[in-house]
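Two complexes, one shared chain (chain A), two partners (chain B, chain C).
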Partner chain A sequence: MKQIISFPHMANYSIPIKSYIQNILPKAEVLLPPPQSVRALDIGARHSPESVCLPFKYNLGNYIEALDMGANFLMTAGGGCRYGLYGEVHEQILRDLGYEFTFFNLLGDTNKTNVIQVYKNLKAHNPRLSARALAYYSLLAFRTIQFMDEVDVYIRRNIGLEKQKSDFDKTYKQFLNDIQNIKGFRALKKLKRVYTRRLLSIPLDESKDVIKVGLIGELYSLMEPFANLFLERELAKYNISLTRYTNLSYLLTKRRRHIQRYIDGSGGFVKYHLGADGTKSVEKSISMAKNNYAGIIHLKAFGCTPEINAIPSLINVSNQHKIPIMYLSFDTQTSKTGLKTRVEAFADMLQAKQLSASI
Partner chain B sequence: MKNNLHDNSNSDYSNNNSTTNDNSYYLGLDIGSISTKGVLIDSGGAIVRSEYIWTEGNPINAAKEVVVSLLGGSLQGTENLGERADFNVVGVGTTGSARKLVGAMLNADIVKNEITAHALGTLSHYPDAKTIIEIGGQDSKIILLDNGLVVDYAMNTLCAAGTGSFLSSQAKRLGVEVEKFGDVALNSTSPATIAARCTVFAESDLVHKAQMGYRKEDIIAGLCIAVATNYLNNLAKGKKIKPPIVFQGGVSKNAGVIKAFEDALGAKIHVHDKGHLMGAYGVAALCIKKKVNKPFNKNLLNQQFNSSSTNCTICPNACPLVNIYRNNTLLDTYGKRCE
Partner chain C sequence: MKIGIARSFEYYNNSVLWEHFFLSLGAELVVSPLTNSAILKTGVNLSVDEACLPHKIYLGHIAYLKDKCDAVLIPRLESLGKGKSEMLCTKFHANYCATKNTMPDIPLLDYNIDVRNKQTEYKAFMDVGKKVMLFKKLSGSNNNSHNNNAKNSADKKTKRLKQKDIRLAYKNAKAAQQAHNASLTKKTLDLLSGQGKKILIVGHNYITYDNLLGSPITEFLQKNNLTPILANALVTKDTTAKSTELIKTLYWTYSKHIVGVVAAHIKQVDGIILLTAFPCGPDALVNTMLTLKLKDSGIPILNITLDEHLSNTGLLTRLESFVDITL
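Presenting the complex of A and B:
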């Protein structure tokens, strides 16, 4: 039987990951779940334990929609916090629902990023996969993701200042379309050149007073715009220049290696690692405060333990550095009204402060 | 007007009209989940008239009724209001959870979130306020100010514990009118301890204490303390509450909660007798600040406003949409998450 592979959505990373899987497992077909939607969340929440964190519900919804469309091979990555146990529980729930599929945890049972283990795991599904090919395509996927993240960072910083509304949105849509066809490093290089130029040529309104706001917190709420009710888009309406350090490039490289650095940079508030990205939230809040950010928004899925661990330290950072921090928790609520009220008030507050400081 | 609470303060008219000769007036409306507040101010910022009624789940009607009353008519006489009202309204602002709906209906000049509106309104009465405690029907807020600027705020997110609706449901359970809650609480000499962590715990604790034979005033005083404790432990957690402290929102009318806050914080709590109007006042004042000058079309009040809700069919998200109609023509649609 032909393998029809699927995996859950997160932001737009399904595009490079799909190409990657097609490259290393060429005999299989990759089927993406339908785009993130309220329906996926509803289905996921219905079959999830009520108190589990939000990404679990979205992931489960994505799996079920993919299975219903014919997928028979589901992938997960594992690692981090509770996320490390998502795979086992997802698999059990889906089996109880009567689905038949192969479940593949990229990191295996070890829950550690171990290159040799990943290679062994993949080899079981594609015996002809050479270590060299795996290295080549892994690097290609990684570089593609890195460039996507660079583009994101640039857009996030500048979209609030665009002169012509939806300039960035239009370019970004074309960009997502074009990265689907990246087959090698040469094509990637060309794409980088083209889009760097295009993005830099989008006219910005330099006369606007920019307000610098940082986003910190739990990764899924930060990275999946659907889960945070398109918070970044909402903020862009108020001349806000956003910074967010959490993205897939960060997760793949710095996350594990920089833990000690984050503890050292947490102003003495954190003595040991808080789990997942909690320590980093504290460290980034301090560095943002020192770099004259006007405000910080802390996002988490409701009940996210590492980020709850970080909050007492964040309160201290807020008091010590006189920087307002707004805390947002996301669960299965889908109304944007409350979010809009809070964001508008936050922007009003930062604007008024900036105005009075400049007089 | 049967659901007029207590504040049809038309008497202000004669007192304050002398502050300015300018014949321009500004309308501010705060349409909350439980009550709808409205003020009419003159260009000097003095409150000329105010109105406070229950929203009763019908924000369009409540807003209309408030505006008609502010402009000097009664709902029955709406047809002729255009000629009768002699206030030259040149700016309209809305705030509160139905600000968008009513803003579309009245063609408002300013539609502002309630946090900013409350801060502005309060600052114009207490310019040196440092902390605003706000407890309304469904939500609670803390706003920290410094030199007349909002420097930090928080608003309850997932839980409505310790808000006005909790107090009124418990009042019903105890058979005491919620308006009398505060005075009953002040009679207590040894308040009962009520778990403040969560309304569900609080309620079962309350039932338990009642069945044990605690006196009613002690239970009510305990509830008032629970509201203040809950607020300070959850919403205000980690925030530096500095005096002068201003307390507003519907719950600020409750003397028991005021006392609980004063005991807990060891500072005087200021409650303005027009504290419930601060949001409405804030948006009206913002109209002056932003130099809004667009004559209000009073005929809007004679028109029929309806709303309907549908689900969008463009994508699988099926966002719930609200359509607003004026005389059966579509005025505005909102609710799409892709907007």
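Presenting the complex of A and C:
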């Protein structure tokens, strides 16, 4: 039987990950679940434990939709906070629902993992995979993701300033389309050149008063636009230039190594690491306050323990550095209208503050 | 030195250890009372709304200790073993910082256990022991600050002695705690092999032993002639190793403890109560797994999630029907 591989969505990263899997497991077919939707969340939430965090529910919804479309080989990569146990519970729930499939945890069935183990795990499914090919395609995927993140950062910073509406959106759509066909480093280099030029040539309205706002918090709510109800798009309407540091390249590289740096930079509010991205949230909120950001928005999925841990520190940062922080918590019941009202009020407040400061 | 101890979280793992250790270093202990509704209310008012119930209770206990002692003891725990498979819930990582930032005016005495990063329990206790000794010295020198010169020369000699003292105190205290645990396990094993219907209560010990959370349930079972068996009392190395039979990739040490007990003793009990507090991160996944895995075992399972509103009526109705099933 032919392997039909599927994995859950996470922002637009499914595009490079899809080509990555196709490269290392060429005999299999990759089937992406339908785009993130209310339906996926509904299905996922129905079969999930009640008080588990939101990403679990989205992932389960994606899996079920993919299985219904004919996928028979599901992938996951565990690690960190609660995510490490997701795989096993997902598998158990899906088997209990009567689905038949192979479940493949990239990090293996135990918690003892390293690069060699990952290679062995993959080799079991593609005996012809050489270590060299794995290294090559891993690096290619990583570089592609890095470039995607760079583009994202630029757009996020400038989309509030575009002269002609949806200039950035159009370019980004084409970019996502082109990135699917990257086969090697040469093509990636060409793509980088083309899109750097195109993005820089989009006219910006420099006369507008920009408000700098930072986004901090839990990674899934930050990275998956559907999970935060397209918060970034909503904010762009108010001439807001956004910064967020959490993206996939950060998770793959800096996350573990920089813990001590984050503790040192947290101005005494954090003595011990808070778990997951909690410490980073505090450190970034301080550095943003020092860099004259007008406000900060803190995002998390309902019940996210590390971010709840960070909130007492963030409240103190907010008081001491006089920077407003808005706390948003997302779960299955969060309504878009409620979010809009809060964002509008927050943006109004920041604009009024800026106006009174300039007088 | 008066050390305040919150009757919550780590207290249920370390009460004997702390008592022996700090008393032998010449400190006094002030332990907060059994959890009551006043403590819960204070804790709820101090906490972030989404924090888990045990943490709210914990803050309540610490607020109670304010002004009653010189410092409140707060252990900070990240990992209790080497490798990735001995982690603790991030709530324990942040206990110290969350408390410090919520109530900055309470002096805290903290120690840090993170075995993965080479910060063992022994090191942590040496650390906290030194702090206690230093405090004693400082407060002692305040009283007779004029004749310090003679003291300084003797300091080096006593310093070595003190290290030895702390080491000995820790060793004895640890042995006392282990003896206490062993006798508790033995007592519970006797109950388990005794007569009558037995109900295994599966939950973290700061929930099952808590006066407000777990105790009403154990009392109710006893009143109905059932023997409540607390899973925490049965934890040994052998049982913990069995946790992989039920959940392969589990990496929270405390969850491994209780899952291991379920795996080891499931055949000896007549019913299981999965007791958790809203919104416990690890339990959300672990209890789901247990429910699914034990579905075909034929043993009745009751899932109870406690929250801060603690309405006993609803709880009693559910317990009554559960008792009817198991009898």
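Here is the rule we go by: the second predicted complex is superposed on the first by the 353 of 359 C-alpha atoms of A that agree within 3 Å, B and C clash if a C-alpha of one lies under 4 Å from a C-alpha of the other, contacts with A are read in each partner's own complex, and residues count from 1 in each chain.
The definition used in the following text is that a residue touches a chain if its C-beta (ideal position, glycine included) is under 8 Å from a C-beta of that chain, and two chains touch if they have at least 3 such contacts.
Every value quoted in this text rests on a predicted model; they were computed, and no experiment measured them.
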Look at A:F302 in the shared chain and tell me whether it touches chain B only, chain C only, both, or neither; answer first, second, both or neither.
both
Considering only touches as defined above, state whether A:N126 meets chain B (first), chain C (second), both or neither.
neither
Quick check on the superposed pair: does A:S329 touch chain B, chain C, both, or neither? Answer first, second, both or neither.
both
Where does A:E88 make contact in the superposed view: on chain B (first), on chain C (second), on both, or on neither?
second
In the overlay, answer first, second, both or neither for which of chain B and chain C A:T243 touches.
neither
Pick one for A:P312: touches chain B only (first), chain C only (second), both, or neither.
both
Should A:S287 be classified as contacting the first partner (chain B), the second (chain C), both, or neither?
neither
Give one of first, second, both or neither to describe whether A:L229 is in contact with chain B, with chain C, with both, or with none.
first
Can A:Q117 be said to touch chain B (first), chain C (second), both, or neither?
neither
If you count the residues of chain A that each partner touches, which comes out higher, chain B or chain C?
C
On chain A, the residue positions that both chain B and chain C contact, one per complex:
302, 312, 315-316, 329
In their shared complex, chain B is touched by residues of chain A numbered 34-35, 37-39, 229-230, 302, 312, 315-316, 318-319, 322, 324, 326-329, 331, 334, 336-338, 340-342, 344-346, 348-349, 352-353, 356
With touch defined as at the start, can you tell me which chain A residues reach chain C in the complex?
49-53, 56, 78, 81-82, 84-89, 92-93, 96, 105, 109-113, 269-276, 278, 302-303, 305-306, 308-313, 315-316, 329
Listed in rising order, chain C residues that touch chain A in their complex are 48, 50-52, 76, 78, 83-85, 89-91, 93-94, 96-98, 100-102, 104, 110, 112, 247-251, 278-282, 284-289, 292-293, 295, 305
Listed in rising order, the residues of chain B that touch chain A in the complex are 97, 112-116, 147, 149-155, 157-158, 237-238, 240, 315-319, 337
